[in-house]
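Below you'll find the structure, written out as C-alpha cells, and then a few comments.
To keep things simple, chains are lettered A, B, C and D as they appear, and every chain counts its residues starting from 1.
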C-alpha cells in the first residue's frame, strides 16, 4: 500500500435527492454520496482524500483526468442507470481493468458498469418492507471483514434475495439473512484485469443504513482493499518473439 | 459416467439407534442409514446398488474390499466420531484421494474423515430447537441442484450457523437460513485428489429430515455427482526423466 | 444429462477459408468448422446432432430459432470479430445466460461474445512460429479431462502466453507450455447465469491441430460438459412478497 | 497490517547442512534458513524481526511461546519430514488455524504440516538436472506478485511438474515452466481457519535459488501477505441460544 493518502471518489446518481424523495432527503439531506464520504473521512482521517461526483456533473464528474487520480471509486445508483453515458462507462471500465478499484453499492447491481464487469444479468429478488438484515462474515481473515461484528445488525433495510445472477465470486466475505427467511451474498469480491471489485448490498435510499458505523467500516475496509496499489497498466495483445530473453 | 449401476454405500455410526434414543427411533425405526438408503433406491431404481454399513460391523463395514467396490460413500455420524478406528479412516481417506466419492452429512462435519479432508476444525454454531430451515440454491446450474425447489422448506431442523470453519469451497451450491436469523453454507463441494466431496448439512437424528423428498433428491444428485467415474489412481511422487518423450 | 442427442452447433467466421489462405485450405479444405464437426460426429456417433454455421450465413446462421434448439455452441473466429453484428452477439449472450453452453476456441478469446462474458480485455502474448505445445491436465477428475493423455503433445502450434487477461477461472483444467518457455491457461471453465463456458486455446488456422485425436476428445468432452441439461431460464428482477410461502 | 515489526520465523530441518552435503554447504554455508533470513532482513529492514529455528532445537525450536509471538512461519524441509514430532505438528497446525501465517517452501510439499493443511497427498513429478525454471505471474494484482518480474528467470533448479496433488488453490499466483516442457503451479495460496498459507516451489538445497533477488522478493511479499494481522482465535463449537440478540 502506498503511504500517501488514498484517493477515494464517491459517485452518486443523485436522483432521489434532486427529485425530492422525502425518505431519501430525511436520511440524506446532503445526498447519499455526502453521508458515505463523511463516513470514509471519519474512518481514514488524513489517510484518505475523499471527494464526490454525481450524474449531473459534466461527464458525470468522471473525466479521464478525474479517473487517473482516483485509487478507488464507490458507485451508488438506482433510478438512472440508463442515463449514464456509454462513453463514460467505457472510461470507467478501462480504468478498472487498468487498476482502479471499484465498490459497487446496493442497487448498483444493475448499473452498466457492474453488469459489464460481471458479464451476467445481476438480477435478484427484492422486497422493500424495511426488514431486519443480518450480515454474517464467512471469510473472517479477509481484510474487508477486519473489525466487523458477526453479525452486523441492520434494523431496517430493503430485502435482496437469491438467486443473485453473478459469476461465482472470487471471495464471498458476507452473507445476509432477512426476516422473511431469504439469504443473499451481500459482500463479494472479484478481480478484473488489474482492478479489484467489491460489491456490497446493504444500503438503500429509504433507510439510514449508510449512517450505520459497521456499514461505514465495511466501506472503509473495502476501499482500502480495492484501492490501486501499483502503476496502472492496460493489457493489450503483445507479440513475444523467439529468443525473447538472451541472458 | 458408467452405464452400470452406481455402487452406493450408506454408512451410519448407528449409536442413537442402538442406545435407544426415542426421537431417533420414532423417525428412523430401522436406523438413519436405512431411511437414507431407501430414499436413494427410490430415486435410482435399477440405476444403483445401495448398501449400508455401521460402526458396529467388523472393520466398521469398511474393509478394503468393500471400498474397492464402492463408487460413493455417504457418512452419517454424531456421537461416536472417536470410536472410528484410525486405520479405517486412513483407508477411507486413501479411497477418496484415489477416486471414491464421499457425501458427509450433518454432524459428520466433526468426523475424523471430514476434518482430515478439510484440514480445518470444521467448527460451527448450533442450536437444537427444531426451527424452520430454508435451503436456497446459489448454483442453479450445478448437477446437485437439478430439480431442487428454491428454497427447500424443512419445517423442523437443528440450526447450524456460521462461522463454519471450512476451507473456501470449490463450489457453494446451497445456503440455509433459520428462524433465528442465522445463515449456513449448507451444501458445498470439494475435490481432493481424484475424489469428489459433498457436504450437506440438513438432516438430524431428532427430526424426520431424511424422509423429506427434496432432501432425498439432493442426496441422490450428490451421489451421482460424486461417484467415481474413472479408474482409481493413487498419486505418488514420480520421477520424470529428461527426454521423457522421444517422438 | 438428457438421453436425446446433444444438439451441437459449430460456428466459424470462415474468413481464412473464403479468402483463400493457403495454409488454412491445406489443412481445412472444407473449413475449420467442418473438421471440428467431423471430429465431434466421430466421437458421439448417434449421441449428437452436429451442425455448422458461418459468419456469411443470414444472421450469421444464429437466428433465435437456431439458438433455441442448440445445447452447446462452438465458436471459432480470428480475423472478423468486428463483422459479427451486435444484435447477434446480444442474442448469443442471452442464450448462454439462459442455459446454452458455449466453447470458445483459440483466437476466439478476442471475440465480442467472449470478452462480454468475461468483462476483461482477454489479451495475451502470442507468437506464430509453429512450436511444440504440451497441454497438461491440472484437474484430473474433471469431466473435460476424462481419457485425455497427460500431456497432450501438439507438434506445431501458435504460442499463446500469459498474462492472459481473464477473470480467475472457476476451474483450470489444462495448462500449456511452449518451446519458448511460455505458459498458458489453455483450458478454463466458467458458469455465467445458467450457461457453462469452456475456453480451449489449442487450434489454429495455420496448423492441423483440429485433426489431433486428443484435441477432438477435449472438444467432445467440453461439449458434453457445457451442454444445456435443463430448461432454459432468463433471470430477471423478481418481487418477493412477504408471506411468500404460507404453509 | 500492524505498524509494529513483522515477527517472522524461518524454520529449516537443517539436515543437508548438518550431514555435510557439499552442494548445500557450498551455496548455504550457514544453512538455508540463514540465507532466507538474510534476504528477508534486507527486504524489510526495521519492518521485521526475523529469527530462525531448526529441527535440532529443543521442541524443534517451535514451542508454544515461540509460536505465540510469530506472525508468519517459513518452512523448509526435505529429508527429515518423519523426524518432526507429531505434537509439534499439532501445535503448528493449531497456530495456523488460529491466525499464524505459514509459507511452505519447495520440498516442504511433503511435510506433515502441509499435507495436513491440504488433506491430499501433495505428490508431484520431479527431476533434479539443474534446468532453467521460468516463474510466470498469473495474478498480477496479487500482493505477492508486486514488483516481481514476468517471468522470474532461475538459471538452474530442480524440476517440479504436474500433476501436483493439492486442492484447487484459493489463488494461483505463479506458474512455472521447465526446459523439459513441464509446468507447475509454483505459487499458490490458501486460507485455513484464520491462517493464510502460501506454497512457493522455487528453491532447492543443491542450487543457490534463495540468493536470487526476485525469489527473495516473493518470500518477503508472501510473508507480508500471510502474516497474522488480527487477534488469534481458535474456532470451536459454539452454542447459539434463541434470542441471541436482544437489542
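Brief remarks follow.
Note that in this section contacts are C-beta pairs under 8 Å (C-beta built on N, C-alpha and C of every residue); 3 or more make two chains touch, one makes a residue touch a chain.
On a predicted model such as this, the values are computed, not experimentally measured, just so you know.
For the pairs A-B and A-C, the count of C-beta pairs in contact is higher at A-C. Comparing the residue numbers each copy contributes, subunit C and subunit D share more than half of them at their mutual interface. A centroid comparison over C-alpha atoms places C as the chain most distant from subunit D.
Spacing of subunit A relative to subunit C, judged by their CA centroids, is 32 angstrom. For this pair, subunit A with subunit B, the centres built from the Cα atoms lie 37 Å apart.
Residues of subunit A in contact with two or more other chains: 139-140, 161, 163, 168, 182, 191, 193.
Taken together, the subunit C residues at the contact with subunit A in this complex read 97, 110, 116-121, 123-127, 129, 159, 161, 163, 165, 167-168, 170, 180, 182, 190-193, 234-242, 244.
Of all residues in subunit D, only 1, 99, 139-141, 143, 146, 153, 191, 193-196, 229-230, 233, 245, 247 touch subunit A in the complex they form.
Of all residues in subunit C, those touching subunit D in their complex are 132, 134, 136-140, 150-151, 161-164, 168, 171-172, 175-177, 179, 181-183, 185.
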